[in-house]
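Shared chain: subunit A. Partners: subunit B in the first complex, subunit C in the second.
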Partner chain A sequence: MQIFGAEIDLQPIWLTLEIATITTLILLIIGTPLAWWITRMRSSVKVVLEALIALPLVLPPTVLGFYLLIIMNPNGTLTEFLRWFGFEGQLTFSKTGLIIGSVFYSLPFTVQPLMHAFEAIPQRLLDAAATLRAHALDQFLTIVLPLSQRGFLVAATLTFAHTVGEFGVVLMVGGNIPGQTRVVSIDIFDHVENLEYTEAHILSGMMLVFSLFVLMLVYGLNRRFGVKVG
Partner chain B sequence: MKLTLCHRLYVLSLTLFMTSNTLAAETTIAVAANFTKTIEEIGQAFAQDTEHKARFSFGPTGKLFAQISNGAPFDLFFAANEKTPKAAIEKKFAIKDSYFIYAQGALALYSASLPVATQKQTILTHSKIRFISVANPKTAPYGTQAIHYLKKTGLYDTVKPKLVNGESVAHAFQYAITGNAQLGFVALSHLIDPISPAKNKGEYWVIPTSDYEPINQAAVMLKRGENNSAAQAFLNYIQSDKAQAIIKKYGYSIPK
Partner chain C sequence: MQGNLQLRFDERFELQSGEFELPLSGVTVLFGRSGSGKSSLLRAISGLDKRTHGHLTVNGEVWQQGHKHLAPQSRHIGFVFQDAALFPHKTVKQNLAYGIHRLPKNFKPADFDQIVHRVGIADKLDRKVNFLSGGERQRVAIARALLMQPKYLFMDEPLSALDWRAKHQLLTLIEELVAEFEIPLFYITHAPPEVERLADRIVFMQQGKIETIETLQQALARPDSPLFDEQGAVSVLIGQPQHRVESGWHPVNLGEDVLWLSESSPIHVKSVRVRILAKDVSLALSDPKDLSITNHLPVTITELIPESEHKVLVRLRLRDGQYLFSEVTQQSVERLHLHPDLALYALIKSVAMTE
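So, the complex of A and B:
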């Protein structure tokens, strides 16, 4: 597509959005029970789990990417594990691998807002439900979910946006394959490296506007509903 | 005793004044990442043999260029290609006459698991190969020349679906040595580096230089380095026998 006289390949944009969407869905499915479990936990293991989940926030993405490169290689632990379930391909250099990497990378952005939302639910409501013989699942579906709607909204938005902005992990395990692993951030890196500044400007500008929009959305939600983030 | 801010500034300026007079000049040099080990060793020899000191900033060539064009404080620029230093001259960031090719890279095929040393180029069609890593041909000369080689030998169409791009030649090497790519087009310098992980893992075959265009790495003096005696001294030093021997030791050749 022609934008400002520069030829912009849209495929990396669609691919980025696809990976971010799938990652967000997977993380909501995994992250919800995980966040609930940790929130309800009373043992000292809680601290360890909380720290583990926050790890991708502080680790350089290159560290995560480097480990992923090792566990996802054709003889790596993760690949071997998936082979038990009939997996035949290779994780690195594939969309599947990138999504797995993104799930690790964006995990805290799903789990932390959800934990904050869950913690805010008064225990007495759950106790009352229990005296009415509501099962744990019942309690979760009828009390916890409706009360933490906004927490879910924030978790989903942040996870999506953070996955879109991912670079280091993709750089390490992606292999820059069009349609599989060439996402926008990698595309921008290549344009800069190749001195194609017009293209880099257009794509970077799009990322900037997108990120600003998402953050405004999150802060808007915060203001209106008082949802805690991070 | 409590010093006032004024005192502190006075002492600081005095120290700075003294160091700048008693010590020799220092130069800051932007260097393409693939040349890291080599230039560090040259830098040590440079510090011993002259009264000057060289500091290095490593990165991908294009990123260094972006930094230079935005005023990064570098005196010299050692790129991984010819194109970028030429662009620096064209944009008037660099001094035209200072342009020279400081090293030529050599391309090798490396595999952590397959017998590439004996099977040579025939390994490219080996059935066990799922991926072949190569530096991004769009941005890295090693990648461009790997593709050139494949086209010249008529293997390009066969192996094309298996190619994966590393962002740099070091990255392509990393893919190959971790086994993520079963074969990789890598820089010979990464293989014969004394502390290379390839020393005791896998094997390689050096691609005949007649099968690809020279991988020339060029350097220029930047405008900022013009009045820096250490920068000029470093340019002279890198063409000394001692420095050239170090360059060759790391698997590069020197153009005549």
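So, the complex of A and C:
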């Protein structure tokens, strides 16, 4: 596609959005019970789990990427494990591997906002629900979920945004295969390496506008929710 | 109800009730300072705290055996929390309906309209709960609990966050509901006036333990009762209101004697509890006619109980057999030659219906 006279390949953009969307969905499904479980935990294991989940925040993405590369290589633990379930093919340098990597990388951005939201729900509301004969799952669906809408909104946004912005893990695990693992951040890096500044400018500008738009949308919604839920 | 419940947190006992047995009738008040374990005990009894262990049998049904416990959802209880614990994302009506939808199918639903009217929230059903006053919130919480048709009703300091007017109205409501629905009530409070108004028996708690279980009469007969910590000794007399007014006074019969109250009794009630502070009761050897105090009752001294700071608590028997405390100085005892069996007059400066 021609933009400002430069030939721009849009495929990395679509791939980035696809991976970010799938990762966000997976993380909401895994992260919700995980965050709830940790929030409700009283034992000292809680500290260990919280630290483990926060690791991707402090580790250089290359370190995380390196370990992921080890467990996802064709003879790695994760690959072997998935083979048991009939998985064929390889994880490294593939879209599947990239999504698995993103799930690890973005985990804290889902779990932490959800934990904050869950912690803000007073225990007595759940006690009240229990005396009104609601069982644990029922309480979660009818009390906890509606009262943590904001938390979910924040979690989904941050997860999506961070997955879009990841670079290190992708480079280590996914490489740079067009249509498979070449996401926008890699594509921009590529263009800069090849001194194609025009293309890099256009892609970076698009990312900038897109990110700003998503964030404004979310904060706008959040404000409106705020009035409703308050 | 018979049991022995413990709650431990980090090697420290939050609750170590000791063996207890409580009748399942009338109003049982759990009384103690904050941190005395009364909330923990009620949560343990209702099954809301999973860390509870010990044993508990209610009406022949085992609710707790070791760490195994019957889920609170299956205990047929209604629970009213300190700050109502209404679901903020639901309207009043949705809050009320929450439990009804979850009742077993073979349950005949309670009369929704009757309860909503009785509790006084019929015109608030479509409100968001955040727009309710404190008193209204507690009314909704009470209705929500009653709609579950509970066999046992638990209330954890339901009035502590309310102003005096709402407190007064809700106490009357709770009192009437207990009589109407005949549900055993377990009620937590640290306010002696609430105890004196509602209690049939009192569970005194201290440092996570049950100290004693006494009837209200026993608790009020004891000069060192924890109920007297704040305002000194108190007497609660039960009288029959005449439901009429005479020069602004409302007479209440105490056997053949009459007590004059400045406030009227609720209509339809046959008996009222009135609360008299011992320091509001003076003694006179003869019936003084030239005195502004209205209430003079003939009494007999049964006991003189020395207290600190040269004060003496005098236990008096009224002609109908009820007891009244008077607090006087050691000097007065000597001057008037007070001694047991002496007949004299109690002058009561102020009488209040228990609120």
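Going forward, the second predicted complex is superposed on the first by the 213 of 230 C-alpha atoms of A that agree within 3 Å, B and C clash if a C-alpha of one lies under 4 Å from a C-alpha of the other, contacts with A are read in each partner's own complex, and residues count from 1 in each chain.
In the analysis below, a contact is a pair of C-beta atoms (placed from the backbone, for glycine too) under 8 Å apart; a residue touches a chain by one contact, two chains touch by 3 or more.
Only a predicted model underlies this, so the values are computations on that prediction, with no experimental measurement involved.
Annotation for the three-chain superposition on subunit A: subunit B and subunit C fit side by side. Contacts of A:209 after superposition: neither subunit B nor subunit C is touched. Shared-chain residue A:193: touches subunit B; no touch with subunit C. Of the two partner chains placed by superposition, A:57 touches none, neither subunit B nor subunit C.
Contact with neither subunit B nor subunit C is seen for A:141 once the two complexes are overlaid on the shared chain.
In the superposition on chain A, A:45 contacts neither subunit B nor subunit C. For the pair subunit B and subunit C, the model built by superposing on chain A gives 48 Å as the shortest CA-CA distance. Of all residues in subunit A, those touching subunit B in their complex are 69-70, 72-75, 90, 92-93, 171, 173, 175-177, 186, 189-190, 192-195. Per the touch definition, subunit C reaches subunit A in the complex via residues 43, 46, 48, 71-73, 77-79, 81-83, 85-89, 98-99, 102-103, 130, 144-145, 148.
On subunit A, the positions that touch subunit C within their shared complex are 122, 124-125, 127-135, 138, 142-143, 146-147, 229-230.
The touching residues of subunit B, counted against subunit A in their complex, run 60-63, 65-66, 83-84, 87, 130-131, 133, 136, 138-139, 164-167, 171, 174-175, 178-182.
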